[in-house]
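Attaching a single structure in structure tokens format; questions to follow.
In this document, chain identifiers A, B, C, D and E correspond to the written order of the chains, with residue numbering beginning at 1 in each.
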Amino acid sequence: SSDDTADTTTSTEGPMELTPVSLQLQWFTQAQFAGYYAAVAEGFYEDLGLDVEILEGGVDIVPATVLDAGGADFAESWAVRALGPREEGADIVNISQIFERSATLQVSFADQGITGPADLAGKNVGSWGFGNEAELYAGLRSVGLDPQADVNIVQQQFDMLAFIAGDIDAAQAMTYNEYAQVLETVNPATGELFKPEDLSVIDWNEVGTAMLQDGIWADATRLEEDAEYRETAVKLVQGSIMGWAFCRDNFDACVGHVLAAGPTLGEAHQRWMLNEINNLIWPASNGVGNMDADLWNQTIQNAIDGELLSVDPGPDAYRTDINEEALANLRAAGVDVDGNGWTPKEIELTEGGE
Amino acid sequence: MATRDETARAIARHERKEAVRRGVRRVVVFLAFLVALALLYTGYKAFGESINDAQTEWPVIGRVLPRTNDLTMPPIMDIVTELGQPPQRNSSKPLAAFIAEASLFTFREAAFGFFFGMMLGLALAIIMLRSRWIERGLSPYLVASQTIPLVAIAPIVVIWGSKSMGWLPFDWQPWMSVSIIATYLTFFPVAMNGIKGLQSADPAAMELMRSYAASRRQTLLKLQFPASLPYLFAAFKLAATVSIVGAIVGEISGGVPGGLGRLILDYASRYTTGPSRLYASVMGAAVLGIVVFGMVTVTEYFVMYKRQEGSAAP
Amino acid sequence: MIKRALAGAFPALVIGVGGLVLWELSLLVINPDGFLLPRPTEIFEAFTEHFDAIWSATINTGYIVVTGLIVGVILGVVWSLLVSRFRIADETLTPLAIALNAIPIIALAPIFNAWYGLLSPTSNQAIVVLLVFFPVFINTTKGLTSVGATKIELMDSYAASKWEITRMIRIPNAMPLFFTALKIASSLAVIGAIVAEYFGGSQDTLGQFIVQNAASGRYTNAWAAVVAASAMGITLYLVSGGFERVATPWRPDVDVVG
Amino acid sequence: MNDHDTPPSKAAAAVEIDSVSKVFNLGKPNEVHALDGIDLTIDDGTFVSLIGPSGCGKSTLLRLMGALTHPTEGSVVVNGKSADQARLDRDYGMAFQTSGLFEWRTVTQNIELPLQLMGWDKAQRKERALEMLDLVKLAEFGDHYPRELSGGMQQRVAIARALSFRPQLLLMDEPFGALDEMTREHMQTEVLEIWEKTRKTIVFVTHSIPEAVFLSNRVVVMSPRPGRIAADISVPLGRRNFDTRESQGFFDSITEVREALRFEGSTR
Amino acid sequence: MNDHDTPPSKAAAAVEIDSVSKVFNLGKPNEVHALDGIDLTIDDGTFVSLIGPSGCGKSTLLRLMGALTHPTEGSVVVNGKSADQARLDRDYGMAFQTSGLFEWRTVTQNIELPLQLMGWDKAQRKERALEMLDLVKLAEFGDHYPRELSGGMQQRVAIARALSFRPQLLLMDEPFGALDEMTREHMQTEVLEIWEKTRKTIVFVTHSIPEAVFLSNRVVVMSPRPGRIAADISVPLGRRNFDTRESQGFFDSITEVREALRFEGSTR
């Protein structure tokens, strides 16, 4: 259908011709993707000559697959969730690694006394799969535990009930989503919301087994052969980074853009999420989006150990030229792409996250 | 003759009245039964805590009894009040309206899926009717096709839908892919019952058509198809509810927003912060299922009532 | 006998092998780098490579399928015995069954998980039971109630009791329809279990194997597990057909398929 | 006149029907007066046929005798007791137009059915079933399922079943209605043979005039709704044989019954 | 002898069957020799009955005439052309034991079915259907559905349907087999009336000797498998009326057919 729309836009838009671009997200609309929504709403893409259509993700939607199948021009994906299909033959490449940090936690009730990976031995440990397990497995192995034998890995549902009900001792949770959900739930024992003090978390960034999460991926061959597409890629990255910078500097307005895009969770929850997402990006040690080779290698090693990948994808799996070009353009225009001044906010959660 | 017609009409009127009376009685009894079920649910909750202990004590029964607290089994009144309240603070639309809109959306997907599934099923049945060989060769795979879990094909369909439907004169919408997933579930009962129904035409009537030198098409349209209607309606009833299942699974795994599937997934994923919302949307799905079932049943009544079996007038 | 069975299976074999070859060739020609729908040979390779994992997942899923199937069938039969015997049961349980069937059962998966806990197999079994129950109930009820009036009158003339009538007429009369339902139910059970597994629980199941592999783009592995699931469905279907032959010896050639 | 026409000397009444009326759906718009003021006494050991146009109440009358339905007015006495009591005492056997065999039981098992219900033990049942199979000349077919038998053979099994527990009274409702004429004539001969051997009382409903005449001592002709007894014709044909069907007496009786029927049929 | 027995003077052959044999499942273990060396010529305008024990091949012979099946050996010529050609030319109408009415069509629509298939326009169809309804005396029932009609009325509709396009040849396979005796006799009279009005050739399969004798100019008696023609009896009864059934000639013809059948039946 992209051909059709190209034709129609040519005939109706007149002189100011926008290039239609689609970006496949990896989950439903929420503040995790605030930068892209903001870039659309604030006209950053349009100023660069792009007409960006944001495609919502789903449970079984693999952005890399959609990208490879031609269902989208670019994809927003975790590194491992894109490298798996790539190993199967998807012709894709990472062009910008937006998130620098991992948001995955292993949450348990404080009274369980689980403070590090070693404490997970013999426990019911929740995991969603989908590549999320690699950090956990690597963390367990780092303290000498065998993920298959020494813990009981449980397939987690989409909600935290199994954790609250005690079926799962240590549940997987994203800082920006499920962790907040627990804090939005009434503790049946006290009649009040759960408090951070009730919980203890294992942060994989601290354990040192974190893996790269959200980045932007593109069609590898098209980048090589199609100069126009490469130009579009630079513009997309440039506009997206502007969006993320906007969300860092205009917190409330950015939340407004997300809410306008129609998330299903409420405002308080989106505020919490955006704050946590900003934490994953800012401060950007190397200019936002630039690949940290050490983290890349750590990601690959964890994935291979966890049998998510069978071989090292090699240096062709990501390229930095496009992001660098975008950063250069942005720096020239005076945009702060490092965010060194970023400080997290205090967000108050409400029951149900409304 | 006139008086006989009159008595016949009087009898018909009486029978219709009887049928209505029976129908009303059925509805009333069933509603009463639903109330009883609601009471049972509430009553069970009241004893819940002690039963929860039994879960570990009683070996088999304990496993079948749900554990209960307000999180796993929200009070019925909570569900009812939740329906009237907006699920999001930044909008005043009550949950009931959300569910109704989502139901309509899912209904559209299911309706298209039902339609195409019906077409595909009939086409397959007609192909199988052509030769016993094809029927024998194909039917095991029709059965096998239904053992392929939807979750495996849903993403493929959604991706292919957006990718390869560009040639169509209209823009391919994600919900259309969901309709295709619904089609996948719907065609099966129609094809299986369709072939049985088409073959059910009285052999004598088939010979009659042959004696008129009727073409295959004429035989199909004038005899075999009408003869298969009772079988087809049985299949349609199954297909109607199954198309809803297909639409919901398709929405969930294909990531298509707007329908009941997404609503259920959303409310499931934040279950702990509002279990009654999930219960309400599941009930929405139930009501939708019952409505489409009812629609087929009513259609069946109007198409078939003329040929209801009845003793020949003596 | 065996020769006839083989002759009966011949068209299916031809279409099956032909379909596989066509699938393989057309993917080789049209879509050489596509991996959404892998070629049969690739699926076979993945199947052998991951045989251990798929096998243990099949065992775990199979347990849910078979137990759920058994309980669902028992529930369906008991339910229809009640409905065919007591009018009040007919007036309450029949519409309830129809309503239950109209509910997209998978929508109940999250609720069952809440009820029974993520670690208990009961929640997945409950899904299977509900899916299986309906066709068994509908068909068995039809079989139990569609007994010719002459047969009942004959039993009345022998002053037979209600239970004797049920045991000697209604139940045998319901057998053929019951087995038709059992065949439908056996493939439903597989689908039900896999969709239920999709909503969490143990990771070592076919449903999770499919979802996890599909979610990371390894469709070939996912399809290998799909093959295992289909094989399980077809096996159950054929086993039901076998039971049918044994249990209804008075019927001529019961077509195992269809 | 020979043996065939003489009821056993005791001449006790097997069935006494006294001013019986039967109304279906009483008081509703679809009320049907099926029978009206029927008086009928059937002597022990006689073979009585009921004949009449479709819907005249033949089956209803038969079912009243068998206590499968009850009269709106009047009384039915069977073997000196109420019909219901007779049913509970298993005083009669029944056979219908469709053989009503249970397709899931073999021929032997079908014949054993009433014996099983009466709690006979296995050996006894087996013995009696073999005896019955001999009587209806199906000894080799004991282990077959009904579908493997022709229509006529199925009817013979049904008759064997009805006779298996030696009921006093045999009620048959168009048992040969579904057979072709040739098979039918053959079956008629067989039933007569059985009747002559056992001398049970038989009440036989039929639509066929030659059948009624050929089989019975007495043909009861009924008129259409409300069913009444229009004529009660005795058939003095003596012991039947192959030539009976071509004898003048046979044709005369046929004409007599036809006249009685035509007169009644003309009201239609 | 009067009009009833005289075929029209032209006496062309409507059906010529020449040394026809029919074997089902040829060469398979379940091979059945249904017909063997049948020679039969039916003159135009005659009413011929086929009678014989069940399974002797009556229906098969009829279906051969109608080109619904084909002979293994020999030839079937209808109206001077091959049976298949006759079928394509719509030379004949058929009526079966079960009326075979389409329950989803009204009486009129049922009668119009063959006309519709032949592409007649609406007005023509309507007109012909009304004419046919008159012929079978069901003018008031045009808009009724079959289930609202009695069995006899349904059969009359089926006959009207078979006649609607004025076929040369009417093939009827036990059309009254499912009716009770009284209704059956009534229908026989009606068919004769229609035959006398239209003077079509009718081939009529039946199991009933009186029916065959009452209706036809000629009764063809068949022997059981392999089906052969055992006797060809002409029935010189003249124009039929109420008294025919009680006439000596009628009983004589019945006896003649019975003897022919008994002789053949004895091989069973």
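Here is the rule we go by: contacts are C-beta pairs under 8 Å (C-beta built on N, C-alpha and C of every residue); 3 or more make two chains touch, one makes a residue touch a chain.
This one's a predicted model, so the numbers in the text were calculated from it and none came from an experiment.
**Q** Please find the path from chain C to chain D through touching chains that uses the fewest steps, and give that number.
**A** Contact-graph shortest path, chain C to chain D, evaluates to 1.
**Q** From chain C, how many touching-chain steps at minimum until you land on chain E?
**A** Minimum number of steps from chain C to chain E: 2.
**Q** If you average the Cα atoms per chain, which one ends up farthest from chain D?
**A** A
**Q** Counting only C-beta pairs in contact, which chains form the busiest pair?
**A** Maximum number of inter-chain contact pairs occurs for B-C.
**Q** Would you kindly tell me how far, in whole Å, the mean C-alpha position of chain E lies from that of chain D?
**A** Roughly 33 Å, centre to centre.
**Q** Using the average of all C-alpha atoms in each chain as its centre, how far is it in Å between chain B and chain E?
**A** Centre separation, chain B to chain E: 49 Å.
**Q** Please compute the C-alpha centroid of chain A, do the same for chain D, then give the distance between them in whole Å.
**A** That pair's centroid distance is 87 Å.
**Q** Could you tell me the distance, in whole angstrom, between the mean C-alpha positions of chain A and chain C?
**A** Chain centroid spacing, chain A to chain C, equals 40 Å.
**Q** On chain B, where are the residues touching two or more other chains?
**A** Counting only residues that touch two or more other chains, chain B contributes 67, 71-72, 151, 155, 159-160, 253, 268, 271, 314.
**Q** In chain A, what residues contact two or more other chains?
**A** In chain A, residues 59-60, 62, 65, 69, 157-159, 161, 165 touch at least two other chains, as defined above.
**Q** Please set out, as single numbers or ranges, the residues of chain D touching at least two other chains.
**A** Each of 54 in chain D touches at least two other chains.
**Q** What pairs of chains are touching here?
**A** Pairs flagged as touching, ordered by label: A-B, A-C, B-C, B-D, B-E, C-D, D-E.
**Q** Can you check the complex and tell me which residues of chain B touch chain C?
**A** 25-26, 29-30, 33, 37, 63-64, 66-68, 71-73, 133-141, 143-144, 146-152, 155-156, 159-160, 192, 241, 244-245, 248-249, 253, 260, 264, 268, 271, 275, 278-279, 281-282, 285-286, 289-290, 292-293
**Q** Give the list of chain A residues in touch with chain B in this complex.
**A** My answer: residues 1-4, 28-29, 56-62, 65-66, 69-71, 157-161, 164-165, 181-182, 184-185, 188, 259, 262, 264-267, 351-354.
**Q** Touching chain B in the complex: which residues of chain D?
**A** Residues of chain D touching chain B: 28-30, 54-55.
**Q** Per the contact definition, I'd like the list of chain C residues that touch chain B in the complex.
**A** 8, 10-12, 14-16, 19, 36-37, 88, 91-92, 95-96, 98-99, 101-108, 110-111, 114-117, 120, 122, 187, 190-191, 194-195, 198-199, 206-207, 210-211, 214, 219, 222-223, 226, 229-230, 232-234, 237, 257-258
**Q** Report the residues of chain C in contact with chain D in the complex, numbered from low to high.
**A** Touching chain D from chain C are residues 148, 150-151, 153-160, 164, 168-169, 172-173, 175, 248-250, 252.
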